[in-house]
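A quick write-up on the structure given underneath.
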Amino acid sequence: MLLHLLAVGDVVAQGGLDCLHRHLRRLKKEHDVHFTVVNGENAAGLGLLPQHAEELFDAGADVITLGNHTWGKRQIADYLEDNPYILRPANFAPNLPGRGFGLYEGPQGLRLGVLNLMGRFQLDANLDSPFRRADEILAGEGAQADLLFVDFHAEATSEKGAMAWYLDGRVQAVWGTHTHVPTADAQILPQGTGFITDLGMTGPARSILGVKPENSVARFLGQLPRRYEAADGPNRLGAVLFTIDTQTKRCCQVTRTDLTD
Amino acid sequence: MLLHLLAVGDVVAQGGLDCLHRHLRRLKKEHDVHFTVVNGENAAGLGLLPQHAEELFDAGADVITLGNHTWGKRQIADYLEDNPYILRPANFAPNLPGRGFGLYEGPQGLRLGVLNLMGRFQLDANLDSPFRRADEILAGEGAQADLLFVDFHAEATSEKGAMAWYLDGRVQAVWGTHTHVPTADAQILPQGTGFITDLGMTGPARSILGVKPENSVARFLGQLPRRYEAADGPNRLGAVLFTIDTQTKRCCQVTRTDLTD
Amino acid sequence: MLLHLLAVGDVVAQGGLDCLHRHLRRLKKEHDVHFTVVNGENAAGLGLLPQHAEELFDAGADVITLGNHTWGKRQIADYLEDNPYILRPANFAPNLPGRGFGLYEGPQGLRLGVLNLMGRFQLDANLDSPFRRADEILAGEGAQADLLFVDFHAEATSEKGAMAWYLDGRVQAVWGTHTHVPTADAQILPQGTGFITDLGMTGPARSILGVKPENSVARFLGQLPRRYEAADGPNRLGAVLFTIDTQTKRCCQVTRTDLTD
Amino acid sequence: MLLHLLAVGDVVAQGGLDCLHRHLRRLKKEHDVHFTVVNGENAAGLGLLPQHAEELFDAGADVITLGNHTWGKRQIADYLEDNPYILRPANFAPNLPGRGFGLYEGPQGLRLGVLNLMGRFQLDANLDSPFRRADEILAGEGAQADLLFVDFHAEATSEKGAMAWYLDGRVQAVWGTHTHVPTADAQILPQGTGFITDLGMTGPARSILGVKPENSVARFLGQLPRRYEAADGPNRLGAVLFTIDTQTKRCCQVTRTDLTD
């Protein structure tokens, strides 16, 4: 069969959550989506609370992934322990709350593995190697998965590309998150892995990465620091559809399916 | 009239130069392009030599812009002084060779101003503010231009967005270069400036930012450093077309026009 | 005459403030100090409030300098406008509250100029060049000073050294702050400027830069982020004495005068 | 017995090598030194060749440690494999040439373990955790050592302090290298580990970290990049003496023993 996986980029603030509610069900129906992974690290701006996670699931997410803002709201820690459908980067220190890999039930009894990893370059030097951590998980829990999908939350385009090529042929899809800007480089690597550098975000369209333009500009002008403030106005949803042939275990199509309110 | 401006992303090594030669003339004809700006900072891998600049002009570039690899080949310094059709970032130190802004003749006697700027965040802290430098140039030489175009060579999506919003309504087009990954966020800002975060590169398609995949992966695995080596195989051309209404001085369309061999 | 200038490193939290109260008067008397400059950016941990500034003056500071934590407590903004004896980095954006240079009365009617600058490398790329800003101030307000002293708040030892050599012969003393670790490189440069890379801090001796050791270690182990928490126990005072010959305008001695409770 | 360990900071270029030759033997005799560890990562400017390593041993080094410039001269790789008296950071990728820990014979049959580690913060994000690597080595090969010494080659004062506190009571001495500026914070931590943040360098005294002042200044002024060039003039030797009680396995004294030509 052809499995349709939808990956949705960082949902930003209430605007992003509402946008997801308005559009995700329809988008899933339209593309006959079997499984949906949503990055939720900005649902509360910086981080997310359990209530935001619930909103993401209500809107249609099967699994939530996170990133560098995982601990922006510390109250999420217990929720990460209790709920197996939310992941934080697997290359955090070994004893941190939550998990970075999950096995989920897909269509036709397929076991779907989702892995959340985070880059280190220009982002966080105090992490374990996302490359070696990927190796460990693929050789361990990941071995039980029929298909494997990776959200690599990272800053540098080079590190993201390196991860995709490193995992080429070992997983079915690798997408990047974190920069909040959608990329136009959807591609299928030589060994069959579908890849795109960044999904982009789901949130205020008239903004700089979700933030009020004047606040972001002020920072680069060296003005007094301002509080994080989400922009208002219409929202956009950043999403990418991966079509995977479950026989050959190759990705055969990667398509942007962005929407604007 | 509707002016068609084509902006082409970082041309990487001989593969990128050849790709440009093969496709640029046709692409310009097809879209009725009036003016073409090409980023050439990687024509020699890291930097470019006068001969590479000549190849870029031969292929159809009207103006060449550069970035953080400007001085990768020091022999370019005199050429930058002598040739007004090649720009390096305008926010380099005041006494460096070359210029960062140029006024060029467009269709119907229109004076076209091209500005090359470079970001500081996670790239180079020893530069002047690209924001204040833009202000100075727009108030000075730039005031003679009928239309203004900006290549903002920068790393962070936030700094790139901030520049576009900062210049919204004061220039007709802002595009980002440097990450070598094309973005899918072509947009027209409220005051009429066309913007896209990154053009992407022009070079080896089966590569990580133009570099051989195994070399780039090795770096992130912490392996011994390797020399810069361009990948081989087919090439892709990363380009964006800005359509500008010369009456209203607003950009009315921003479209990716990427090609692959 | 020989003028004795005392420079005191970043005062950290209440422990540092109390330590300064206990020791500064005596230290000044012992070394016959004519003028005292104290870095206060950490008096409230990250930033300082007007009341902390008052405590620093009460303890014996003639002038307070700041750094990257200037705006940690936003309430300081008005105080910076009103009180000419507190400086923040002069290479902040031009319109920010406060000033970065001050002229003060010294012994025998000498006009003492104090300049606070901040480095950009690995610290804050959105600042003006501290080098060019120094040039401007020395050519402007600074020209009225008989003697000039510079607190260069910066991270990298290379940028600090570069500033000292750049200003050699144009100012009498340059000291670094920010790393919270005292350096043992007190020196007099060829043209007579006294220089030391870092004063070190004034605060908890049993700490990592003033912070509780377990909190700082946890960060590098990739543990959950913790709130800023000052360490307790005895305190140390990091200070350097510059002896300046007011005839030749050369620094003739640079000596550490650290104390521990 | 009281064991005297001498640690010498990054030897820079021929000037530093010559300085070491002139002074090290005498310094060792004067302080009755039993064991000498010298950081050699800059013996050839950026990196070192086998001949430089031989010069360092000839001058009196028992063990050479390295840092981020280890691979500056690739020809050192085989030498690192063959010679057990030269170490490179132990938290490099597992398969790289050379080793990061060695067991050496000390006075009275004492087995001395030397560990070379490298920091990640603002230096190199593609390394394994130096903290966890230290744990592994102390639990493995390191368990055979009677006394343990650590050269932590790192940029940030915070990461260096964190390592020292992390290892407090488990090793006898931790010193930092890399910033090329000697620190004045020699201390004994609560559980008996001797610590200093940076040894400083061994090389040209009239320089910025060993580099010609005008070259280093030029970089921060944003001038054209210049080749690495060692400064000339007199040299200084940056060294710290750790006195260790071999009964209690506590460090009882940490003293700077710097020299200038």
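So that you can tell them apart, the chains are marked A, B, C and D in the order they are listed, and the count of residues begins at 1 in each.
Assume a contact is a pair of C-beta atoms (placed from the backbone, for glycine too) under 8 Å apart; a residue touches a chain by one contact, two chains touch by 3 or more.
Composition by chain, UniProt nomenclature: A, B, C, D = TIGR00282 family metallophosphoesterase.
Everything quoted here is computed from the prediction, not taken from an experiment.
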Contact-richer chain pair [B-D vs A-D]: B-D
Chain centre separation (chain A, chain D; CA means) in Å: 42
CA centroid of chain A to CA centroid of chain B, Å: 30
Numbers and ranges of chain C residues touching at least 2 other chains: 121-122, 126, 128-129, 219-222
Pairwise touch network: line, ring, star, complete, or other: complete
Residues of chain C touching chain D in the complex: 121-122, 129, 131-132, 155, 157-159, 161-163, 165-166, 179-185, 190, 197-198, 200, 206, 208-209, 211, 213, 216-217, 219-222, 256, 258
Touching residues (chain side chain C, partner chain B) in the complex: 120-126, 128-129
Complex contact set, residues of chain C against chain A: 71, 74, 77, 92-93, 95-97, 126-128, 219-225
